[in-house]
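Chain lettering (A, B, C, D, E, F, G and H) follows the sequence in which the chains are written, and residue indices restart at 1 in each chain.
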Amino acid sequence: MAEFKLDWARAARTGGSEAVLCESKSAAQIDAIVAHAQELDRRLLLTRLPEALFAALPAARRASLDYDAVSGTAVLGALPAPRHKARVAIVCGGTSDAPVAHEARRTLAFEGDEATLIVDVGVAGLWRLMERIEEIRRHRVVIAIAGMEGALFSVLTGLVACPVLAVPRSVGYGVGAGGRTALRAALASCASGLVVVNIDNGFGAAHAALRMLGVAPSPVAAVPPP
Amino acid sequence: MAEFKLDWARAARTGGSEAVLCESKSAAQIDAIVAHAQELDRRLLLTRLPEALFAALPAARRASLDYDAVSGTAVLGALPAPRHKARVAIVCGGTSDAPVAHEARRTLAFEGDEATLIVDVGVAGLWRLMERIEEIRRHRVVIAIAGMEGALFSVLTGLVACPVLAVPRSVGYGVGAGGRTALRAALASCASGLVVVNIDNGFGAAHAALRMLGVAPSPVAAVPPP
Amino acid sequence: MAEFKLDWARAARTGGSEAVLCESKSAAQIDAIVAHAQELDRRLLLTRLPEALFAALPAARRASLDYDAVSGTAVLGALPAPRHKARVAIVCGGTSDAPVAHEARRTLAFEGDEATLIVDVGVAGLWRLMERIEEIRRHRVVIAIAGMEGALFSVLTGLVACPVLAVPRSVGYGVGAGGRTALRAALASCASGLVVVNIDNGFGAAHAALRMLGVAPSPVAAVPPP
Amino acid sequence: MAEFKLDWARAARTGGSEAVLCESKSAAQIDAIVAHAQELDRRLLLTRLPEALFAALPAARRASLDYDAVSGTAVLGALPAPRHKARVAIVCGGTSDAPVAHEARRTLAFEGDEATLIVDVGVAGLWRLMERIEEIRRHRVVIAIAGMEGALFSVLTGLVACPVLAVPRSVGYGVGAGGRTALRAALASCASGLVVVNIDNGFGAAHAALRMLGVAPSPVAAVPPP
Amino acid sequence: MAEFKLDWARAARTGGSEAVLCESKSAAQIDAIVAHAQELDRRLLLTRLPEALFAALPAARRASLDYDAVSGTAVLGALPAPRHKARVAIVCGGTSDAPVAHEARRTLAFEGDEATLIVDVGVAGLWRLMERIEEIRRHRVVIAIAGMEGALFSVLTGLVACPVLAVPRSVGYGVGAGGRTALRAALASCASGLVVVNIDNGFGAAHAALRMLGVAPSPVAAVPPP
Amino acid sequence: MAEFKLDWARAARTGGSEAVLCESKSAAQIDAIVAHAQELDRRLLLTRLPEALFAALPAARRASLDYDAVSGTAVLGALPAPRHKARVAIVCGGTSDAPVAHEARRTLAFEGDEATLIVDVGVAGLWRLMERIEEIRRHRVVIAIAGMEGALFSVLTGLVACPVLAVPRSVGYGVGAGGRTALRAALASCASGLVVVNIDNGFGAAHAALRMLGVAPSPVAAVPPP
Amino acid sequence: MAEFKLDWARAARTGGSEAVLCESKSAAQIDAIVAHAQELDRRLLLTRLPEALFAALPAARRASLDYDAVSGTAVLGALPAPRHKARVAIVCGGTSDAPVAHEARRTLAFEGDEATLIVDVGVAGLWRLMERIEEIRRHRVVIAIAGMEGALFSVLTGLVACPVLAVPRSVGYGVGAGGRTALRAALASCASGLVVVNIDNGFGAAHAALRMLGVAPSPVAAVPPP
Amino acid sequence: MAEFKLDWARAARTGGSEAVLCESKSAAQIDAIVAHAQELDRRLLLTRLPEALFAALPAARRASLDYDAVSGTAVLGALPAPRHKARVAIVCGGTSDAPVAHEARRTLAFEGDEATLIVDVGVAGLWRLMERIEEIRRHRVVIAIAGMEGALFSVLTGLVACPVLAVPRSVGYGVGAGGRTALRAALASCASGLVVVNIDNGFGAAHAALRMLGVAPSPVAAVPPP
């Protein structure tokens, strides 16, 4: 019994590609999925693939993948050369936000977009953000990543005119644990025009940015052509 | 003691406009704000202004406002003629979503953008959505509004390529009360690229759409020029 | 002191069987329960028995059990030959739902019912579900399993006429963690006639399906006959 | 702009009927929906229609409806004569559960099924339930309604062999307020085979019962025939 | 039976005064408490006294009180002349924060301290705060009041060196409703040295400020002297 | 169809009595219940009967009841003369706790037990509690009632040797709203031997006290004698 | 710096004893506490001492303790001979409740009271409870332990006349995880007179039972005699 | 790409120092931060550095740090000699509070302030607190640390006149788990003037105390001077 069914229809029609969330899948399932993509000669992006799970794949399979431990992502197939100078700025409140920032960066790179990474501009030392704000403004979309109280989202949205995508980060303790406070702060923000994705969802933020830049693959119809 | 300070600096610089959230403000505060805008000859959008609160304003003030009871919005000054044919589709799961849909529509209109309103396409009768999907695809941004379990968000995001903005709606009872389930469903969606704003926040969704369309006013710097 | 008391009265009266939830029990307790069933020559279904706990049983006891690691279930005694062609369809949103799907399948098999397993039909690629919908409709009961936002439940319930049993799955992260969002979505569904069991409760869904098919053993009266 | 779109396709195909949840709709919206159904000569079930909202409808419209204040339901068109003796037992923990019990009863009646109503059999005085248990067992489906701690669900499920549908009731105070504790108790029940619908959802429980009895109308396909 | 027992022992010993939270008390109880204070010739501060409850007091009692409707406070006895120029700055994110700001201001005034009120400096338009920051820095304690996402707390704490007391405000909707998000944001703040009181607790913030300024009355020992 | 079934079996067997929770019942239901008790010549205790609901009963019915507005209780039939001097102390943190304190007192009185009421001994002024502690110690059971943070429960339990029953009170605002914090504080108390009932449940605390004093009526068996 | 201060004052005055909660303490802290008790020749009860933490104590210290792994308790000093036949019944819903049941039993034994342990009488098979109910009724206090939905608490309280102490058990999954549902069910119970302690708090239930039996040591006054 | 940006501007201007929260950072990140500080010859305080993470640093780096395992803190550079006798009292409910107490103590010491540590004065044995209350009163600020129900906060605030800073402690189980109950109790306290920081935030409490003592470094302006 086949236990998975990738959405190649979408890829076939759009020249686009397929991504697989590895969390909650077994090594055997992931191995079978990658093998299947290799047979079809497809590119594939694997996300939320922790080191231990990557290590549990057969050596030959591992060798076929470009793995990045910080972001927990692996790429099957070549990364396209960037088509533009960076149109997306990824702005982080602190160094702990790196895993999610890199997940977003890799997802963009997989589709041929570079990103500018700007780190450690939390609002407790506001001048750090102000020093970089002109650079941030030169991008068409901003992905903002912050944990704890997420005040960065509101401050940043008040300072730029382009879309700001908030990615709450599961960094913090006590009431800040798990990113719930940063999530709520992003949703309740007094700065209008801020939009939000799930906690730690760098992949989703990158896909939303691609939709805004007009490069997302067209989803297929409910009933595919014969 | 002046109890309010509108952000005219933003308006002065951008040709844009100012909006006021009326909820939690007294009729006296709202009256003073509108009077101040009239003195400066500024346009103003008032949101979350229920009928009882509008009725508590002085008659002369009410006469200066274009009030819409369904959306609870009022406009001071003329609405600009639409600059484009509709670039934004507002898609609702049910008739109960009308207040939020119209808040978004009025906010767009205030900035000179028309929207296409598509109602009652909840997923329990999927054919209703499929009948309209080609029409929806002709827009550059989709604002989706749904309460209860919010399954519309995921289905719709899987069917269009442009950005989809989810506005969870505080419609429902039991575990669906207050829009919390629809909000969580939007954030946890398996459809990548979906972005979310606060429950019932039609105003914020419209502003995010404007940012995506590139017509949002540039926010001012932290320290305004002298 | 005897630390357990199985409900053999129910089994004695109905020709049915007994199941034991192993989670939170020690290996010693489980071993004693199985030994007791063996002495009485009873069949027994063990659920939520992870590999480590199974491995902690004495080798002889392990040898008497038919253990399935994916579902975490073990069967003491022979599985009955299926009495019908599959009357229950088990429909999964993704490959991560396999453990729960197989727990349901094994529970049905223990009572002599086959099930059809249909995987990876999540709503983000709606055509995958539409390809299989006629097959699904040929069953008398549908068990639907989905994590994340659980949109599958509403879409599926709108497409079939038979009872649909939603099993929310503890797959996801951020607001989707632990299956709470999928659970709420199932309960708040706009599709009428959907019923829900606890998160990950494949066993309970199978038992409910058996009750609907009319094959559940009659529970005994509060005061059993002498 | 038409603000509603009823799912007559379902009705046309199945001889079935349409229901409208009135909560969160305006009197004007409800009036328009009923008028539309009258034009098409369709039967209609209105639920969650409180007395004040019913009173806000035009007198002529009210006259066309069979309104029941306890359940907050109204019927347009004739109720069919019951096709069977009661196949569904509706079992309530207390007198406060009457509104939900009657919503379920009316929904069943609208589709031609009678129900037996059994009240005030809460588990604090267990003999009250035991006196009626044989009568309850003579039905094919049990709808159980209870608020507070919802212990009735588990006890009852252990005493009957047919499907039991739990409807948690928003009756109680403190930790029991809003029906959340009864809902959780139903989901976490130790009695296998119990299924659950949303708090106060008598309508949904009745529809699920109809699906189990095999009389639910077939939902239409996603793309209706031309 | 006497239903209240004011803590005059504290007052007697310290030259301080007594405050009464009126919420959840009946008009009869409040009337009796004020009468008792009048008999003893004591000053008294009443808080959370809404207009309707104040209006329910006997006219003579009302006449003895200095009532302020915005803050919902009433003072029995003379307000002392301010002993210092303002040592406390009360900083508000928006005009909706006025009731809590004035509760804090009145509580300080009751103890002889003036406060500087600075309104509408929310972070979405950061320049408004920067214009006033030097003025804010001239105070010894800052009470910051903000609803919605409460980003003001972190930004402000990063800009001043004195103690900052966050008072989350129950202003907002959706996830911001009830002030819970602002409260969590204050507690999870990345700005070290921020301290927090309960939602809307302007009275408590003022008392904490007085303790920091060294003017709080000494509480009495557990066993008072004879 | 009879909509209620009182548990007279318990009363018949024990000489005890029956109580009715009026919240969530209609005036018609309450009227019928009292009428039924009058026909059978039974005593009856009605709880959670607010003034408006009491006023909605027919005048003749009201005349048959001894109604107390503070506690929201009504008694049908004579109160027994107290059989003992007070064995239960009811200790309140503040004057706002009076409704629950009196519900407990009335429930005890209905069964023939007096109680000592001790008010306004909150821990913020510890000497008030210490002044009364010897008096409290002379009772066999203590019912403690407190809202807000409920610190009284732990302090009191550390000072007496008899059973302490905590009744959290739905008094407070912000995080203290609804009595949830007081409830959690009682359950998490560091003082061993404290037991807890639901928020505002003065009736339940009184019944638990009666069980501890050995005067509770014996519940009947599951299957009553013929 | 001494890091602990046992409450020997209580013990000195009452002939009673001291208990130490080991969870969250280091092995070094526990070792020092036991050593201190040995020096003073005091008896001591250690609770929530898992096997790994016990094993981390020095061998000599371990040898001085009577350790029980199921309950995670250790006793320093001799257990007194039971003074009565069992006055407390400990009633469990399932075998998974054993650790808490034994914690209660050992705590009672430490104070010289035996208990009767009755296991596996969950309400899904009601006859198991009915078989033992007469035996349970012969005790003066009942400690009831149940996880999942906790229906046992209400059923049992309706069947006995003595005090029933509910101990919710952290057994279950999904909405039953952590014992929260059982806790809420106990608090919201429709059976009057039920009292509740914290989840898994067998120690606290035993102490409450001792208070009810009149054998709890008198706590000391706030200011101990010189 | 530099992944961190310390706020040396603050330090440069104030003679103050920088602190780094290590939780959620990798050993490589921490190593780089310390190396950078060493190059600049700066002092540094590392917090929330568990033993395993400290052990993962290079040996040479470890040798440069003064590490304290109880508090999980490390200091780079010399600790200043205390400038005053202790002005801050750190008061703990139990021995389990030691890690947080020592985090606060070390943070104060890093800035040149000693603290008095007072342990095991939980309110269940009130005399332990009363014995030390005069000593506590001799300090200018009190940091109170308590888990479970946090009753210590209210009792202590009622007994001293200086500012009291509550640090809820993540010690406890059931409803007390994670420190949430102690946090809510501190916020809902009936003792006016109590202020609160996040759960386990000993560092933040120390910084708030330093602000109250007037020794906190002045934060820099948003746009630093050139």
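Assume contacts are C-beta pairs under 8 Å (C-beta built on N, C-alpha and C of every residue); 3 or more make two chains touch, one makes a residue touch a chain.
This is a predicted model, so every value here is computed, not measured.
In terms of the stated touch criterion, the partners common to chain E and chain G are F, H, listed by label. For chain pairs G-H and D-G, the one joined by more C-beta pairs in contact is D-G. One of B-D, A-H or A-B repeats the interface of F-G: more than half of the contact pairs, counted by residue number, are shared by A-B. With centres set at the average Cα position, the gap from chain A to chain E is 45 Å.
Per-chain Cα centroids separate chain C from chain D by 27 Å.
A straight line joining the Cα centres of chain D and chain H is 56 Å long.
Each of residues 124-126, 130, 157-159, 174-176, 183, 187-188, 192, 198-199, 219, 221-223 in chain E touches at least two other chains.
By the touch rule above, chain C contacts chain D in their complex via residues 19, 126, 130, 133, 157-165, 183, 187-188, 192-199, 203-204, 207-208, 210-212, 216-219, 221-222. Residues of chain B touching chain D in their complex: 95-96, 98, 117, 119-121, 124-128, 130, 147, 171, 173-176.
Residues 93-94, 122-126, 148-151, 153-155, 157-159, 172, 174-176, 180-182, 184-192 of chain B are the ones that touch chain C when the two sit in their complex.
Listing the residues of chain F that touch chain D in their complex gives 1-5, 7, 9-10, 23-25, 29, 48, 168, 170, 179, 183, 198-201, 219-224.
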